[in-house]
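Chain naming follows the written order as A, B and C, and within any one chain the residues start at number 1.
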Amino acid sequence: MNGYNFAYLDEQTKRMIRRGLLKAVAIPGYQVPFGGREMPMPYGWGTGGMQLTASILGEDDVLKVIDQGADDTTNAVSIRAFFERVAGVETTTDTAAADVIQTRHRIPETPLSAGQVLVFQVPIPEPLRFIEPSEEETRVMHALEEYGVMHVKLYEDIARHGHIATTYAYPVKVDGRYVTDPSPIPKFDNPKLHMSDALMLFGAGREKRLYAIPPHTRVESLDFEDHPFEIQAWDAPCAMCGARDSFLDEVITDDAGGRMFVCSDTDYCQKCREEVA
Amino acid sequence: MYVAVKGGEQAIANAHRWLADRRRGDRDRAELSVDQLAGQLNLAVDRVMAEASLYDPELAALALKQASGDLVEAVFLLRAYRTTLPRLAETVALDTGAMRIERRISATYKDVPGGQVLGPTYDYTHRLLDFLQLAEGEVPEPARAEAALEACPPILEQLDAEGLIEREVDDGAAPYDITRDPPDFPVDRATRLQMLARGDEGYLLALGYSTQRGYGRNHPFAGEIRIGQVEVEIVVEEHDGPVCIGEIAISECQMINQFAGSREMAPQFTRGYGLAFGRNERKAMAMALVDRALRAEELGEPVESPAQQAEFVLAHADSVEASGFVSHLKLPHYVDFQSELELLRRLRRAHGEPQSGGDEDSSEVADGGSGAQAPADTHPPSETEQVAP
Amino acid sequence: MMRWPAFSDPVHDGQRHFRRVLAAMAEPGTLHVAAAPAVPEDAAIGPALWATLLSLCDLDTRLWIAPGLEAGGLTGALSFHTGCRLTAAPEDADFALVTPGTLAEPAPLFAEGSDAYPDRSTTLLVVLEALAEGDAWRLAGHGIPDTRGLDLGEAGPLMTRLAANRARFPRGLDAILTCGERLAAMPRSTRIEANVADIRQEECPCTSQ
């Protein structure tokens, strides 16, 4: 594209990010500080994920971009168009056909396979941030593996509500060491992080942190013996494809309280409907 | 029948087309030129340059035009452009003492070597709308002095000579570069000043103001404010001495603040420093107040007020970061909201239940009211819990 | 012809090679083959390592080179193509070019990072005489479904050092292992065991297979 390097970022910035990614993969769940750059899109709209995607993407890669599980949400459309423009790569909505998938808030329902890379957009990478706002303090807590406050917080939920009241961005422990924010995916998706075949990279542009969960890595959602980790489930199947194993979005259908539930993963829903047909 | 929303791409394209039309406005009116903006809305252009950390009046004016005058958006446009530029050289530190002064005032001395120079200022204008500007009136040429200004030595140097104010020394360390490396809290003063220099003016103004009202008071005096042109120099190999590559306009503010002292050290005035590209006097003053407030710990003062808390102040000063993250709330959050909705419904059902009920059996739960909240023909999806495999 | 050959297409060749290194680091012990450029004349390193240097080093990185490995035009070629800075202080190095023997005691003190900043560590770029699937070293940990085995030829001091990583985690050294066009990686989190019964001293040269 006129005046810009392949995939927008200059090579020196890419190398800086690439070196950071190698560290991230070597220390799973540890947040590596990186010199995040301004992107031509606002902070908070996926600039971290985009910088990671731009740094790993090659001309032969096939790219998929989703937001809320869907390929056609406006921000997914916008980011996909950006990479088509600046990298000229082929794009797809088919989860299985993609080499690199950039996502916001979901992990695809179709199991990922070896060689695929899932890039998460992360708003607040620090899982302890809402308990301890100071970066100086949370850094020490990670260094000392001092995660008691997180359990206290979850337990306070139980005391007040009878349940752990965290439903998304549910904290995990990666490879038995780092408590890590899985980005605001619903806790429904947490089990997909565990022993995945795919490489998972996380980029937080505004906060200038990147981290990774390599393939075949233990990822446990924090819980208690008497309150084990649980995921959401629905009694009704998807109203469009009949899937019973996917995360469902609630859609309001009229102004009389009518509503229906459909797959948030549009590609999965489409595939299920094709199978039925 | 429900059909999933499609056509995001077309919607985006149409929205941008509409935006371009709105920007252009009435086609019967002349279009604004970038030259006009750079020349006549120069303070807006200066603010955009300062917060974008790129000195380029023409591109700042273009950003302003493209953003329809939205300063935060213009700063973002110019910043995003800045980040793509190669770094060709590093300049020698600017010598503000050698500034070609157009404005220079001190609130601490009645007269100073070089004199008080008001320059083009809004100070002492009566804020009465000038209805003549509705019509096209001629503006007279400015009055010009017969002789050039005398040399204007920095005022704080006078105090410095007497040992009345803390001396600032260059320790020669290479400054941390916040545009290349993420801030690593706690950060040193040079890093703090970099972050404040590109910080949002409104934010710094409010924080600086808060220190004047007692939240981290430090008794400031405007020791010197100077605005004018300084030369930018670089060192070129095979060339004796630095080479001037141009001039930029900057605003500098040196605050003189309450003195500190200890058994070992005689009391001295302390300093707060502000610097901004262009004519940004308010920004430079606010920055100097906040800089001084952030030195509380270093100067042995209690850290109690918002403006004194470095991580809080600095992590939220950047308008590009702040506006991005606030505006991202416009993006879809269906999935997280659905997760919360599901939990809240479950908690509300459990709330009305007798304690002994054990796990909820949602199909039998009446939700407090009439129980007719969902039409009978839709399948009320009663969420249950499953243990993850 | 070209004394200092490099990637014919720096942007895309660099990207492709980085993805190999990333995959190697994400799945420790897996072997990857670099479609690598010719190496600088008389250099003591192979194409996989040369490609790794070209794709990761630049003005912002400091490289430490073990005595003997700077042979040929390596430093000239490196500085020409990457601009990376050489350092004589191993603790300042982002990358260190070593052989397994470099890690023999007394070994250079490379940066291991701190508990707060474990990323501020030196990454070892290792020149091996052999690199193949095998049973000499059993690897386990993240990125490895069960266990994975490698033969590395004479690599005792290196592997002793890398095996010690576990005790200091998250501090530690990550290693990118190369032999000719082959490449594998061993991050600090990998658990390493010598398969004592099965160590065969015979060479398994990397040019075979």
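Simple rule for what comes next: a contact is a pair of C-beta atoms (placed from the backbone, for glycine too) under 8 Å apart; a residue touches a chain by one contact, two chains touch by 3 or more.
If you're wondering where the values come from, they're calculated on a predicted model, not measured in any experiment.
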Task: Touching groups left behind when chain C is ignored (all other chains fixed) - done: one piece
Task: Far-end chain from chain C, centres as C-alpha averages - done: B
Open item on the list: Can you identify the chain nearest the overall CA centroid, using each chain's own CA centroid?
Closed with: A
Open item on the list: Measuring centre to centre with CA averages, how many angstrom lie between chain A and chain B?
Closed with: 30
Task: Centroid distance [mean C-alpha coordinates] between chain C and chain B, Å - done: 44
Task: Sites on chain A at which at least two other chains make contact - done: 33
Task: Footprint of chain A on chain C - complex, ascending - done: 10-12, 14-16, 18-19, 21-23, 25-27, 55-61, 94, 114-116, 118-119, 121, 123, 141-145, 169-170, 174, 187-189
- [ ] Can you check the complex and tell me which residues of chain A touch chain C?
- [x] 5-6, 11-12, 14-16, 18-28, 30, 32-33, 56-59, 115, 139-140, 142-144, 175, 177-178, 195, 199, 212, 214-218
Task: Complex interface listing, chain A residues touching chain B - done: 4, 10, 33-40, 42-45, 47, 67-70, 72-78, 81, 104-106, 123, 133-136, 161-163, 165, 167-169, 184-188, 190-191, 206, 208-209, 221, 228-236, 239-240, 247-251, 253, 256-262, 264, 266
Task: Residues on chain B engaged by chain A in the complex (per definition of touch) - done: 2, 4-9, 11-12, 76, 79-80, 82-84, 86, 179-186, 311-312, 315, 320-321, 323-328, 331-336, 338-343, 346-347, 350, 362, 373-375, 378-379, 381-389
